[in-house]
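Chain lettering (A, B, C and D) follows the sequence in which the chains are written, and residue indices restart at 1 in each chain.
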Amino acid sequence: MSMSSKSSQFLRKFASKETKRSISMTCSLASERQFSLNGVFPPLPTPFDQNENVDFDALRKNLSLWEKIPFKGYMVGGSNSELPFVSPAERLSIVKEARKVISDDKLLIGGSTCESTKATCELSEAMAKEGADGVLVLLPFYFKSRMNEAAILDHYTTVADKSPVPVVIYNMPIVTGIDIPISVLTKLSSHPNILGVKDGDVVKLAGIKLATEGQKFEILAGSAGYLLPGILAGCVGGINGLAVVFGEAVCQLHQLAMSRQYEKAIELQMKLIQPDLMLMREYGVPGLKAAMDILGYYGGPPRKPLQPIKEADHGRIRECLIKSGFFKL
Amino acid sequence: MSMSSKSSQFLRKFASKETKRSISMTCSLASERQFSLNGVFPPLPTPFDQNENVDFDALRKNLSLWEKIPFKGYMVGGSNSELPFVSPAERLSIVKEARKVISDDKLLIGGSTCESTKATCELSEAMAKEGADGVLVLLPFYFKSRMNEAAILDHYTTVADKSPVPVVIYNMPIVTGIDIPISVLTKLSSHPNILGVKDGDVVKLAGIKLATEGQKFEILAGSAGYLLPGILAGCVGGINGLAVVFGEAVCQLHQLAMSRQYEKAIELQMKLIQPDLMLMREYGVPGLKAAMDILGYYGGPPRKPLQPIKEADHGRIRECLIKSGFFKL
Amino acid sequence: MSMSSKSSQFLRKFASKETKRSISMTCSLASERQFSLNGVFPPLPTPFDQNENVDFDALRKNLSLWEKIPFKGYMVGGSNSELPFVSPAERLSIVKEARKVISDDKLLIGGSTCESTKATCELSEAMAKEGADGVLVLLPFYFKSRMNEAAILDHYTTVADKSPVPVVIYNMPIVTGIDIPISVLTKLSSHPNILGVKDGDVVKLAGIKLATEGQKFEILAGSAGYLLPGILAGCVGGINGLAVVFGEAVCQLHQLAMSRQYEKAIELQMKLIQPDLMLMREYGVPGLKAAMDILGYYGGPPRKPLQPIKEADHGRIRECLIKSGFFKL
Amino acid sequence: MSMSSKSSQFLRKFASKETKRSISMTCSLASERQFSLNGVFPPLPTPFDQNENVDFDALRKNLSLWEKIPFKGYMVGGSNSELPFVSPAERLSIVKEARKVISDDKLLIGGSTCESTKATCELSEAMAKEGADGVLVLLPFYFKSRMNEAAILDHYTTVADKSPVPVVIYNMPIVTGIDIPISVLTKLSSHPNILGVKDGDVVKLAGIKLATEGQKFEILAGSAGYLLPGILAGCVGGINGLAVVFGEAVCQLHQLAMSRQYEKAIELQMKLIQPDLMLMREYGVPGLKAAMDILGYYGGPPRKPLQPIKEADHGRIRECLIKSGFFKL
């Protein structure tokens, strides 16, 4: 089991990298999980070169740009990372590489999602060894009709029992076809190594908050498009695709909302709506990568069968970025 | 065609009922549609007696209670009214009866939804004659796979052309299986007799707001559970099932949000979450009717095949109402 | 309650129309339901004139053509009749009109589907009075999430209790979003006034057959595209949209399959596939109406929001009809 | 590229294993693909020991039992193999192991499905090296909304271009949420290295048959529950879960149907319905594994989060097997 997060962060800052990790894996209790997810986590796209191999140079370059932004940490291995296209081994390498580059006070959440409980446990353990502070786990959904409450509880409980670092539940019905109910999340919230949930529907977010009152259970908004309403409903932060390209603005929105500067927060939230709708809903990962290319990050091609953005659509994306008012291009 | 809404309201206040209506139907232009939906509209459940007939006495009794609440108006003939179970003729009678009882400054929105365009037009005209100030129209969805953009535009444009009173689009993908896209709503927003839309997803609400900027097109939040986020996103009001039993609180939330008293609004919004989840999502219409019975309204049975709430669930609902803090029971 | 079907048919043949009906409504027992659905029932499209009113002349003309085909009977008021667009009163008039025109030995099944149990009962009774021999009832589905087993059983049992003529269950998950399970159909099969089910999935059809062995419960295939496999699985007949324009061929297929002439049946079944895919799946009702126009029936326009077939698609349909080999055009 | 299948089968019979493989990988043309899928392929469950590791002894034991049945070949790495839970490396080992055990005249189809095109190509190549005669490829579906026709064509064409052995398309909308249309399958059918499709809806099966007439493109029925109707519609065989435990019966049904002994085929088909509904639809893989345990195969536990069958359900499965009349237990 991992050490407490607080201890873990302390060590990271003041000990050598090697020492820190070896200590962290042996001396602490997952159940302490004393770090908080209160901030913005960009879900990092996986950079591929023209042969569709992971491009670690591009990853380092991108991270060096992101490091200038006051993110709470990073999420690697979720949908925006093209999770289903990136093998467990590749995801692990990305965790390892990212951990080397980012500063010690940034949290690193690894997407250890696999369809089987066994593989999810193994990848969670491996990611923890490579420096992940937590893991984000999507519900298995291939055998949708069998994922009843018992199966859901069994999966998350087993992963949380085995994972050396805290588990964040990743609920995403648009992908899985299953919306984990508040009642099930509430049961899972009492597990000492389940730290929180990333979810999406603002009424449900508030419902989770009320139902888990008193538990140490943190809620993350799954999109920048509803980060403000999410925070009003009790979220402490977000895993927001838009933060990949609008990092400063999303962090500022988080800060404004947390510090109750609502007028300014509302205004900023509205500015993020069009880019969120276009990049995250209309074009998805290929669109986000196109925006990265436009803005000086390495975006590059998605892995097939995802198709890259057509030439004509690049223009629309460029225009949307300019209109947002955050960039001069 | 109806007269403008402003004129219509004026007349209602100062002329006899007969005069008002006859004038209203002949001298005005729908396209002026000068009233606003800026407020709370409870979607009224249809009261049935023990033989499942519409109980007009109960309707009058309920309306007399609702009239004490500062609603902007009332919605009859939507999902909460058991729309599919209430025939066009019954819906029309309810509009007529409600118009007699409610004060002249309250707007009355009739649910004129039918599957065919023709029947929707006819019911819209009839409802206007009986005193509806506007009509709310759900997308036909029986032949889902044929409801392409052309069919959607044709339906709403035809109804709006024919309806003497403004049309509000009712988007409800959970029922219809079709989410009318922002781009289609934007096209419809330019129709002079389409006044607005009731929709649900907070990011989409904001997106509609931005896309229809400059149009007279008003957006309503479809649930009290996200009334505050909805208003932050640009909604002027809401059609909120919970307002049927928590009318004062929902109106207060609306007023707080519109007057930018965010701290208080957030607190009040959170108090409405649990009842909203329980009554609107978990139990639906039968649960809302049970709550009405508990709170001194006439709720009564739903029409079959909707099944009434079980005895054991009455206790849960009662407890939820008490916990809300709005009622002493 | 109606008299037994056998008596009913007897009377129809040998008594005056008025006498027959008055007798039929008073002296018999629904539970006898001695007729069989063993044959082909075309689900009749509702003819509309250019103003979208029901065109009874066209209906009579079409029926006079269909009467030359050895159908077992007719179905009016189902999906192919644009059920959601045709009011209960209109459906009733169509039943009445059809009964006048068709010969006494043809069964007439009325689609009495309404969303409420109450309205379905009323329309079933009215249709029986106007000469329907049975009613076909689709599951209510507006409030999908509330249609649990209790609600399904309650709906069909209540309708069957009240209907003077036998009830045929109409399962159509592509419209309703709910697939009535075999276990529920099996429970319903024991009701004396539930005669059978129209369903679609060939494995399920066989499963229903096995599960209701010993019950008088008949199964109809819902499409000509799988009429042969349906009969192999235990169906006695079908309600087949394609029979509207390919009546002779569908009846012949039924006859070949029932008389175990499998080689010929297979060959004929294959000839019906392309037209079935094109008319029933690709174009739906507007396509079927276009085919009717091409073949000398009155097709006419669908009611809006259904859009008529585009000019270019008429050519494809014409070509498909010619290729089928059943017509010279 | 692999050698032609015919050559491949020849070599397998007459050369040493090592020689055969090395030759097969170098001297042949995928486009010749001269073998046929005309027969029954059981989709083999993956045996796990109590620690959820692949149990190769159990695999060998099971294969030795299956080898007594006149299967055309075997499918490993599909849904019944718990595809999403078995890593590419594990799937490869299973192909290798199976190839060692089974006789040379049995075809081995490897499920090389991965979400990315790249990984699917790699696994297809690797499986071919280990002795797979063909690969079965399910449509990627994580990013459902992006899987338009271009993406589908790109995926299958790329895999077929790269795979040394023929590709069979695996259409399974219940898992993927996407039904590959006949028009798209028809385009893919012209690829020289795409051998066929496994699909499910009997009308569609017939439609594919008609649309690909003249192409060398074979169609497999995806379930024993509709093997007869599938063959009537033009299927040459099937990948049928039930064949795992009812192998003799399913092969006999195939043989009866192919040799046009329809009376006997219908009778046998009906006997397979209840077990198919129970094992494949109601209980799924855990039920199939339970049946294997009962019948003397090694079934064992599924991988989590799939939950094993409850004790009470074992009794129902046992009873169903006995009732089938194929086994004395």
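Everything that follows uses one rule, which is that a contact is a pair of C-beta atoms (placed from the backbone, for glycine too) under 8 Å apart; a residue touches a chain by one contact, two chains touch by 3 or more.
If you want to know which protein each chain is, UniProt gives these names: A, B, C, D = Dihydrodipicolinate synthase-like.
Fair warning: this is a prediction, and the values are worked out from it, not measured in the lab.
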Per the touch definition, the chains contacting both subunit A and subunit D are none
With centres defined as the mean of Cα atoms, the chain at greatest distance from subunit B is chain D
Using CA atom averages as chain centres, what separation in Å is found between subunit C and subunit D? 38
What whole-number Å value describes the gap between the mean CA coordinates of subunit B and subunit D? 53
Going through subunit B residue by residue, note those that touch at least 2 other chains and give them in order. none
Hey, which residues of subunit B end up touching subunit C in the complex? 52, 79, 82-85, 87-88, 115-119, 140, 142-148, 150-152, 154-155, 158, 175, 177, 284-286, 303-307
Across the complex, what residues on subunit A touch subunit B? 182, 202-204, 206-207, 209-210, 223, 225-226, 228-229, 232-234, 260, 262-263, 266, 269-270, 273-274, 276-277, 281
